[in-house]
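Multiple structures follow.
Below, subunit A partners subunit B and then partners subunit C, in two separate complexes.
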Partner chain A sequence: MNLPGQLMRARELPVFAALVIVMGLTSVAVPHFFSAKVAVDLFLGVSVIALLAIAQTFVIVMRHIDLSVGSTVGFAAFLIGDSYSKGFGLEVSMLLAIGLGVTVGAVNGFLVAYLKLPSLVVTLASLYIVRGIFNEFASGETIIESEVPPVVNWLGLNRLFGVPYLFIIGLVVLLIAGLVMKRVKAARDLYAIGSNPAAAELAGIPVARRVLFAFMSTGALTGLAGALLLGRFNSANPNSGLGLELLVVAACVVGGVTIAGGAGSVFGAFFGALLLQGITLSIGALGIPQFWQQAVNGSLIIGAIALDRYLSTRVKTTTIMGSK
Partner chain B sequence: MLRSGSFTPGSEPILRVAHISKAFGGVRALVDASLDLYPGEIHALLGENGAGKSTLLKALAGVHQIDSGEITLNGEEFIQGSTRMSIEQGVAVIYQEPNLFPDLTLAENVFIGRQPTKGKFVDWEKMQSESKKLFDGLGIPLNPLAKARGLSIADQQIVEIAKALSTNAQVIVMDEPTAALSAKEVERLFEVARRLKAQNQAVVFVSHRLDEVFELCQRMTVMRDGSTVDTKMVADSSEAEVIQMMVGREVSELFPKIDVETGDSVLTVNNLGASGNFEGISFEVKAGEILGIAGLVGSGRSEIMRAIFGVDGYDHGTIQLLGKFVPKKNPAKSMAMGMALVPEDRRQQGLFMPTSIARNASITVLKRLSKGLVLSRKKEEQTAITWGEVLQLKFARIADSVDKLSGGNQQKVVLAKWLATNPTLLIVDEPTRGIDVGTKSEVHRLLSQKAKDGMAILMVSSELPEILGMSDRVIVMRQGRMVAHFERSDATPSAVIAAATGSGSQA
Partner chain C sequence: MSRFHLTWDKGVGLFLVFTILLGTFSSEYFATTSNLTFIIRDVAEIAIIALAMAYLIIAGEIDLSVASMLSLSSATIGFLYRAEIPFEMALIGGLVAGLLAGLFNGFLVTVLGLPSLAVTIATLALYRGMCWILLGNKPVNQLPQEWVNLGYSQIPGTFLPWTVIPVVILSAAAWFILHGTRFGRWVFAIGVNAQAAEFSGIPVKRVKLALFGFTGLMSGVAGVIYTLRFASASPDGAVGYELGVIAAVLFGGVSIAGGIGTLWGVIAAVLSLGVIRSALQLIDFSANALLVVSGSLLLISVIAPQVTDYVRSQRIKASTTKRIKTKEGVQQ
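Right after this comes the complex of A and B.
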């Protein structure tokens, strides 16, 4: 196997190329666009979505989806500030946030894996339910800077060699998740489940257990993303995370994680998030009205799916000497 | 090419199936089935549709649990639990349509769930080299890094065989592996099977094509009506003998086709052809006549029906209904001209499963039941009830969804839906597949009655007794061509089977 050949075939390549092209063209059109400041904006702005997109990949490769993350990430952010301000300490506050994510994931996963309910409907419902509980819990309060744990605050404001810490956290998670998804047996089962659910059962894969565990992992990372969200804005309120779920799914799809399951990687999802964020910045720099951004994102999604379809129909059926 | 080859059974069979039975509800799929299998043999399992071959295979695969009897593997009791347990004990079943993961590489398809590991991690290099070794060992050097998507059925089967070998399978069962293969692919599969035999594997080969059995296998077991008829050396038997064992009984009186004076020609098909599916199809059906289309699954029967009704297109030829040309690919027009098609798969193609009986039964005649744009629910239900009575449909409420009904009653709803259009030509594809004997004879009585009333009926069926009992004339299809045509009086079981399987002079 040759590395360049593998790179050319990689599903992540088109989205990475698109990112380079967008940033490159904008730099040409807007002198001094590509600066350290833009890079920092890009990295800082993308970190929460990127982390959530990594988490979302676990469920999408199984041909499932988790829409509840928008509410869970906001609630987790609020919970960290709230419990910290009540004197629980950083560790306990973080555990509470991650525990919240795991719990939501466990409920979603149980309903999908064991009661065989469609994940789209289950997580749409939990999106609303979690947001409702969150609003009740927050009762209109806002987490202000003084309630944010100082470590979280510091991570949100500082950089290592110019790279924001929040982005570095995202990168670390990416590398770990990338390794796991490629080389751990149980994670490979997720791809098998998404590629052909019936065959997965026949191959003796414990499908229900894997589905449950994947939803719980998504939840755990969503809890962690809550900390990033809190660090990024140094505040949280009952509207935190509102609508993020669709942006996350968009990042995955644009990044080549097939909604039909079985294909795609956390790297693709990560690049997808970067591309969406990059386009946001470019549109700002080019002076294009911001409302075009959503139209561009939508077009990208369709483009990604069309490309995927094209690539998968291009596969030639093998036959013996063209016989038939 | 060596013909069957010599084989002397060793002292101990690796697999012994002794007098097993299995019933589903009241239907006895297996009554008394036995099979001995020795290492180093390719053993044919033969029998008509419904003889119990599939049930036997599924018992070995761990899909079904047997009711009585005994299965031993290597002298020890074979534990039936799940597909996984069967695989672990060394029995691998390769189905006609393999079930691969299209998005995963071939290497991963071979080793899924059992990937070799280095420490905690999957060892991709080893997985690839092992798969390559397996493919090369079978003489088919597939690329282990390629995705399974787009692989031909023949290559998919090779992947399944490699997978079986990677689990150290001692018994490899191939369920009609050649049904979807071209001649060259069949030859290649035979080479693979012979390699397995040479490696002292035990192979069970299920096929309807007797010429293949005689070319490849050393011994054969024939099943009929859920029981084993006999096991013989292939070299000591003739095809005629095998057919006699497969049929072995008189056609029962379950199928009361009423003799009718046939009327004018209703459907005329002239030299119809669609590349790769069927070629040179010409026949006519008269009013009051039932024309039976026999042949193996995959011989092109359903494709022709779909072309006639306008679901699929065709390359050349003409179709006329009552002298008028039927347009290509226009089912709505075909319906308007007086055609009806009861498809082979009622769940996928015949019914809207979550919708009510009334809706399903009246969907073909909505125009008649509406006043302007408004559909009369009452008329809809009346139509359904009327036909429900004619067909003796058993249901709780006419508003119940059809997925609550038994298979037989679902089939009646499909029939009701098409009979409601009062067609001049009724095409039925496998009209009684998977329904109980009582309902079956009701369906037959109904078809017979409709023919008597002057309807022309075109019936595709894989069940020989049904074909022979119901048809005024029988056309036999093989590999997309009409290979025989019988009047009712000449249509004997052996003649039809011989034509369908291409045995004897036609081979």
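Right after this comes the complex of A and C.
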């Protein structure tokens, strides 16, 4: 096995290098930047987006997209607090949240896989519908700290050897998802579907079933991310998770998970999320006005897409979902 | 024998009539002139951007950065005016900012060959960031009174707000160009098969670049209207409008796969969503219902063509079998 060679060709390498360079340059410029506090800020800030980016990878590698995650993660966070405060136990509350995510994922997946509807439209619709039902359910209420299950609260506030528990949860999910995406045949099928759906069908892959299952997995992780969101802020309100979907897709794209499908890994998506968060922190530490942050993020995403395009040697025509 | 074929865009037109009737019956305030003024003013920005977005989606591309471009145009107006540039010049500056932003999207897509979905997620952040850089967190509120009045007031002697003029003129022009000119046919041809369009001599890249520029310019126009309507230029205006625009265009019968769509369908969709919003507000229905209704309409707009296709294929199959059977009958 040629490990250095493999490393050089890894799609995750540019984004990882960028992360190291950004953090390195900032710590040279700002002497006290590289500290435990910054690391905690980075890890805590990134945990929800990172988990959602892992989940989004499942659908993006199939050349699909799931825009409904922002609504679902907010609803899941609210649901955990709400059901816990109504006397359900922690386990039941968590199951309800994950069940919510799986249900949304199953509906999305069914419409995309079996009715062959475009995922962009389907999940845009469910973004609206889930947010509408969520706001009706919440009816203007806010989940306050006393309604958050103590375990979730504790996980959001505490650290293991200086690493926030929320980030550790993200890491564990990353390792499991990474292993599954690498080794399990059904998960490898997702890449085949994304590279060429028609060929995947002809090769005997049960495309519809795989698509449905991938959307459900995304939903399940989104429900779990709801717990992280609740633990992070110790509160939830009808606007929780609003607009997160675009940040999540951005993290994937920066991490080398191509919109065109068939390429990229959960590790890349995870590093993409870390890089976006790391740059935010660097901008703050360097004393650049925070107004520059979004513009820098936007430029970074353009750079990442352009680099990816440059690195892929095949010449293809483009559509809105990338290259045909 | 010519039969009336119910296509999706006609269906949306009927739906608009239906929603207006529903609104009229559900509340006595619905059909008042002040409410109609409100509806028109409320949909103006989305309507204008939706015109351009329809072109873009028909041509097989998409632009998620429209709300940021709207805001960038507004922020540019505020920035220039704060720098004591005459307000008329600032307005032109806003339009130019929109056009340049759109052309930059087009450059990334056509020249560098990047996917528009990913590119415009990036420029969504980039242009919004530029709004913050231009204005900081201080919105510009002291705009010239006569211009602000224009944003509020009606055309003398009617209940129509001034914004109706650009909306009608732009809709008519966009309709004529898409459905009445060679350029419009090119847009459809590119959406059906860009490669075939290229081979048949259509300058695909230049057309797409023009469409992105057009979308930016229309977002700029919407930004001008937005600034006048709210009498303020702030960096965080119109957040999330892009999804509303795309939802309206798709509900109006434009296929996300490209090559299919009509402008009257899109206009009817924008209006009917505005009418539903107003009717729901008047009968004191929660705003959440609107989210669910918009989402459901969007779903129906993609499911319905599949259902009609299925029914049509079944009918064709049935009639063919019948014909074959009769033929066999004759032969015997």
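Here are some notes:
Here is the rule we use: the second predicted complex is superposed on the first by the 313 of 324 C-alpha atoms of A that agree within 3 Å, B and C clash if a C-alpha of one lies under 4 Å from a C-alpha of the other, contacts with A are read in each partner's own complex, and residues count from 1 in each chain.
Just so it is clear, contacts are C-beta pairs under 8 Å (C-beta built on N, C-alpha and C of every residue); 3 or more make two chains touch, one makes a residue touch a chain.
Remember, predicted model here, so these are calculated numbers, not experimental data.
In the superposed model, A:L202 lies in contact with subunit B only, and not with subunit C.
Looking at the shared chain after the overlay, A:V184 reaches subunit B, while subunit C stays out of its contact range. Of the two partner chains, subunit C is the only one that A:V121 touches; subunit B does not reach it. In the superposition on chain A, contact is made by A:I305 with subunit C only, not with subunit B. Contact with subunit B, but none with subunit C, is seen for A:A263 once the two complexes are overlaid on the shared chain. Of the two partners, subunit B and subunit C, it is C that touches more residues of subunit A. Using the contact criterion defined above for the overlaid structures, shared-chain residue A:G194 touches subunit B, although it does not reach subunit C.
Contact with subunit C, but none with subunit B, is seen for A:L111 once the two complexes are overlaid on the shared chain. Once the two complexes are overlaid on chain A, the subunit A residues touched by subunit B in the first and by subunit C in the second are 317-321, 323. Chain contact summary for the complex, subunit B toward subunit A: residues 82-84, 87, 99-104, 108, 112-113, 115, 117, 120-122, 124, 145, 147, 149-152, 154-155, 182-185, 188, 276.
Note for the complex: subunit A touches subunit C at residues 65, 111, 115-118, 120-122, 124-129, 131-133, 135-136, 242-243, 246, 249-250, 253, 259-260, 289, 291-302, 305-306, 309, 317-323.
Of all residues in subunit A, those touching subunit B in their complex are 1, 179, 182-185, 188-189, 191-192, 194-196, 198-200, 202-205, 258, 261-263, 312, 315-321, 323-324. Within the complex formed with subunit A, the subunit C residues making contact are 60-62, 64, 108-109, 112-119, 121-130, 132-133, 136-137, 194-195, 235, 239-240, 243, 246-247, 250, 256-258, 286-296, 298-299, 301-303, 306.
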